[in-house]
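The structure appears right after this line, and notes come after that.
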Amino acid sequence: MKELRIGLIGAGYMGKAHTIALQSVGAIFETGLRPRCEMIATSTAAGAADHAARWGWHRSTGDWRTLVDNPGIDAVIIATPPRTHLDMVLACVSAKKPVLCEKPLGCDAAESLRMVEAMEGAGLANMVGFNYIRTPASQLAKQIIASGEIGEVIQVTVEHVEDYLHDPALPASWRTRVSTGTAAGALADVAPHIINACLRLVGPIASLVADTQVIHTTRPGPHGPEAIENDDQGQMLLRFANGASGSLSFSRVAAGRKMGYTYRITGTRGALYFDQEDQNALWLYDAARDPSRRGFQKILMGPAHPDYLAFSQGVGHGTGYNDQIVIELRDFLRGVETGDAVWPTFRDGYEVDKVVEAALASARDRRWVDL
Amino acid sequence: MKELRIGLIGAGYMGKAHTIALQSVGAIFETGLRPRCEMIATSTAAGAADHAARWGWHRSTGDWRTLVDNPGIDAVIIATPPRTHLDMVLACVSAKKPVLCEKPLGCDAAESLRMVEAMEGAGLANMVGFNYIRTPASQLAKQIIASGEIGEVIQVTVEHVEDYLHDPALPASWRTRVSTGTAAGALADVAPHIINACLRLVGPIASLVADTQVIHTTRPGPHGPEAIENDDQGQMLLRFANGASGSLSFSRVAAGRKMGYTYRITGTRGALYFDQEDQNALWLYDAARDPSRRGFQKILMGPAHPDYLAFSQGVGHGTGYNDQIVIELRDFLRGVETGDAVWPTFRDGYEVDKVVEAALASARDRRWVDL
Amino acid sequence: MKELRIGLIGAGYMGKAHTIALQSVGAIFETGLRPRCEMIATSTAAGAADHAARWGWHRSTGDWRTLVDNPGIDAVIIATPPRTHLDMVLACVSAKKPVLCEKPLGCDAAESLRMVEAMEGAGLANMVGFNYIRTPASQLAKQIIASGEIGEVIQVTVEHVEDYLHDPALPASWRTRVSTGTAAGALADVAPHIINACLRLVGPIASLVADTQVIHTTRPGPHGPEAIENDDQGQMLLRFANGASGSLSFSRVAAGRKMGYTYRITGTRGALYFDQEDQNALWLYDAARDPSRRGFQKILMGPAHPDYLAFSQGVGHGTGYNDQIVIELRDFLRGVETGDAVWPTFRDGYEVDKVVEAALASARDRRWVDL
Amino acid sequence: MKELRIGLIGAGYMGKAHTIALQSVGAIFETGLRPRCEMIATSTAAGAADHAARWGWHRSTGDWRTLVDNPGIDAVIIATPPRTHLDMVLACVSAKKPVLCEKPLGCDAAESLRMVEAMEGAGLANMVGFNYIRTPASQLAKQIIASGEIGEVIQVTVEHVEDYLHDPALPASWRTRVSTGTAAGALADVAPHIINACLRLVGPIASLVADTQVIHTTRPGPHGPEAIENDDQGQMLLRFANGASGSLSFSRVAAGRKMGYTYRITGTRGALYFDQEDQNALWLYDAARDPSRRGFQKILMGPAHPDYLAFSQGVGHGTGYNDQIVIELRDFLRGVETGDAVWPTFRDGYEVDKVVEAALASARDRRWVDL
């Protein structure tokens, strides 16, 4: 059992999730490498010190480069806004540190490609934080589709819709600004998760046509009303390389949808349905059953399903959001240990970013775009 | 209580549904006009006579023109394949008979327009059989949206997907042939219902981009394998005149979906969700409630909701498929009685057919189409 | 196709349901006997005449004995409060008329037994109106259990709970009065349906212990507050003759439950779940499936299930409350036609009433009671 | 931030859950005391050493007394079969160590009372591991009921049913043996959780009548078929001190139910429903809403609900089984820190055990039992 000294940049939403996961992943999965919460960096030294004390990190810094360059750090987790990822990743490459970077990888595909090439060039383990695809249910979905159990995939209806910015009184932030965030709004914030699911579960996207909208054109800013620069919602039609077609919705203003990451995948022999709001169930339809016994079956996750047993011996006892990060981290640790690339790599993140960029272009030009 | 002598053309799936509805609508809604099952026509005299005996029609004929021209018939219900609608409707206009015609109204928008103009010119009551929009739940949805209760509609995700042709061993029929059916497949067979719902609940569609596919390229025909001529499935992006955007899926090969007519309508103050497979419930989200008490509310239909009380005094006791036709018929009877046009009129059917036609063009040319 | 001239007593909640069913059952099931809505009786001549006009009955009377004795009536449907059933049934026996009587058959088991013996003695077709057990889903449940598909039944958890008297401001009525209703309240009004389901699906009940309560001790009466005389809610433990055990809840004050007739039946090889609020689905669990593919399967009713096809060719299109009465009536007509007893006969109603009576005794004496 | 050196006895199902929780609770809740995984004990020294290495405990022992008496241990978690609890607890009292003990507290109420008196006499923090009641949803249920939001509770329908021993081929174990487990089977293994929920959410139980059954009378034992000594399933009727009545089911052989801990609590103004298989949702019915807007509302847990924010800022992102233990542990740490008794204390465990014992007596004597 060897320790891996982790440096974490960012102490927001995801900084905390990674901290929690780092502390329990070893016991849960009995990993070869055991992570140690070595150093945390945020925008300020005081903030970092405070979070270190509260969350149990050994050291802290207000300068992320200090963290990256510190010889006492073996691997880095980047949990800061996308605008910062490129510099941080390139610094990690220089410092020869494996990286787990939050999604979206870059602010655009060009940035992502630079990161991919740098990491691959340096031969460092690298991973993008697409955690939702890590649930036992989504892993089972992958197995079922790959095995041919539902036949060839023909139609795919997916969405990642939430309502975290539904209220127009919620302030502008890096998420709504191109300068500090990305040109895409919900399209870069939530859609990457479900685009990644499409690529993982169904395969490459060959072409798409997209439409996006800003719903609330201003939000309170630090200096009064601030114009909103990127999309609140949108949808696209997809054609997959394997011939399947489908549609994808995304939103940050979808009233009532809290974790609306859903996929319905129809095949020539059956179908699957998943809703992240009920993340411990996968619905499976088998068209070969007797007509009087056909119907979607609600399979509750349990020890018979991928990665579940490590969390609980009891079927249906359930995993939650943070457990997704634990599974992600287990894979990242394995990647660092073996030196192997572990899915989803930066390249996978780049593939997602290309889809986002194609969608932006399609929405702008109102036309189908090939990938 | 005056009798209205009905002539019905067609004794298939919908012929039976209309027969059932005709016999009970009077007692259920205590209608002013009471329909009498006067004469039924099918393709053959023997078949018609047989159905008359089994279903309780007073007379029968193997020639629909006999029925239309018969002075003992006051109004006509057309429940035959779309390819036959134009001739029948024009004959009814000549004979000055009000018509309730099954969907889709025409084989294309041009046909529909001819029918609209003929009926309107003659000042005859006319209606298209969009029954799904008749449920108490969908009527309630209409009320809720119209009242502004969920604010301005911003995103619309809808589908009408079934799996009645999922199995490639199912034979070709008028539904799969352009010559006897329509150029559109599922797009003309199931999609019209949900397009109609969009128009009813959200308003006119300004533009769309569509994609369609044939999944099973041949099916057993009378003379061996027969090439399938129209779409099995597809999807479109929609822009509504009021600024909302959305997506629509349709399919006749959607494994596991039996009556997958669903709509999710998101507004600036709340949202609605409906699934026809659970037709007695409407889900409502009110964004104005206290954050700790927010959530989709499952409203079971009851006497407090449109048209429910006539069926039952008990909340949640439930209406079914045939009850939709009863409601439709009640409105048609009212239209005949008052001479007023009753929604959805042929013109509404025409509006739907224009969307279908735009979708065909869009799919063919792979571009956005304005309506 | 022979006509059967029906006399209906009662024009309330159930009077209307029977009227609707009478008018469409012939077309739906192509019955041998076709019912004719001949004569309706209510408490007053004017009321009866009014209902006849509105609902399409040929004749009417304010005196039910006139109806029963009328030679132009071939069979009688009794849809009046339980307190009136005994006299009416005995009169029908004298007049040699087959009877379909609403539940509960008698005000107590002794009354029921008198009716059973009279009808059986006269060899007349007789049936009790347990309509909920008529849904395609509950018929399928019966088939599945009888076939051994879920093994031996071991535990049964059922309820019939509604909230039609939840509001204490709702007035007293025959339902709450012993003098005009029954000594049992919800126990005689809703519980009989689910007791009947237990007997049908699982078999005879060997012993029980029950508990009942009045929640709202007074309600508005015609002369001010009126003391409530029978139970608002209760529950019982059951032991079945076949060794299974279970519990049963009933209520007329169960806030939020509209048609809460649910059963969960667990066997040694699987389990079933049904909820009348979603009456077109039956949930089936098969314990023999591979552990990674186990889960309750939501089977939507369709033509492959009992009695569905007559209503619709489309799976999941759905039946509703009144369709249950149609199925019931189809069986009653068959019984009249063949002279055979058709389940559930008066004797079945008596078996239910014995359970109700045992529950009353058990609740009063706070002890287990054998049946 | 002070460390608390924890000793854990037991490395089975619950031993692992406590280990995981111990490692992340500090970061999640920023607790005053930070637990340190100091020493673990199991039945054998080798097993303990192995688990220590795999799970990250600093020391290990094959003799739990060594652990309890070790001055380097500040508090003890007991996660061994019930038969061992009494000795361990008494030893902890002698050693002046606060204890978190798994449920059921004792093998019978007398044992539990001894433990209560010993702990209370010594003034040590003590808690029983009723984790299910810790979910944000169940805490919210408690708040809602306590605030009077659903009025006075009138009917309570609850269950804790699973199918972990549904298969008769599963071997006998301490769970099925009186000598090493408890006289009650499922009644002592799963029922305590839901009894505890009743006491917590509704209040003291005044009387009950219970029924229990062994379904599989033998199971494979180490020396061939072994007779099963305690109940597989059962149910009871409950009367609460506040006048509410209800029923409770429990089972370890309930095919298809994986985590069937559900409660439906009906009040004079509304109702609540919860199902642990969908642990991130609470269903609330408000009878005061307009009749056309009434229905159960599915509230997804989020930062507005008890203890959720510490896990995630996102509504509906979800907590899982192990997070329940984290919340439990947070409270235990607080109890140790402040010296205060923290609910549910040993006394609460004793109250549950009294209900279990009353149920055993009731089932044996087939009569109502007062508590």
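Here are a few things to note about the model shown:
Each chain gets a letter, A, B, C and D, in the order it is written, and its residues are counted from 1.
Rule of thumb we're sticking to: a contact is a pair of C-beta atoms (placed from the backbone, for glycine too) under 8 Å apart; a residue touches a chain by one contact, two chains touch by 3 or more.
For each chain, UniProt lists the protein as follows: A, B, C, D = Gfo/Idh/MocA family oxidoreductase.
These figures come from a predicted structure and were not determined experimentally.
With contact taken as defined at the outset, chain C and chain D are each touched by A, B. For the interfaces B-C and A-C, the C-beta contact count is higher for B-C.
Among the other chains, B has the CA centre that is most remote from the centre of chain D. We define each chain's centre as the mean of its Cα atoms; on that basis chain A and chain B are separated by 41 Å. Averaged C-alpha coordinates put the centre of chain A at 53 Å from the centre of chain C.
Chain B and chain C have CA centres that are 34 Å apart. Shared interface positions of chain A, defined as residues touching 2 or more other chains, are 281, 294-296, 300, 302.
Interface residues of chain D facing chain C in the complex, by the touch rule stated above, are 150, 154-155, 157, 159, 161, 163, 166-167, 209-211, 213, 215, 233-237, 239, 243, 245-247, 249, 251, 253-257, 266-271, 285, 287, 294-296, 366-368.
The touching residues of chain C, counted against chain B in their complex, run 1, 13, 16-17, 19-20, 23-24, 26-28, 30, 34, 53-56, 162, 164, 258-259, 276-281, 300, 302, 311-323.
Of all residues in chain B, only 140, 281, 284, 290-300, 302-305 touch chain D in the complex they form.
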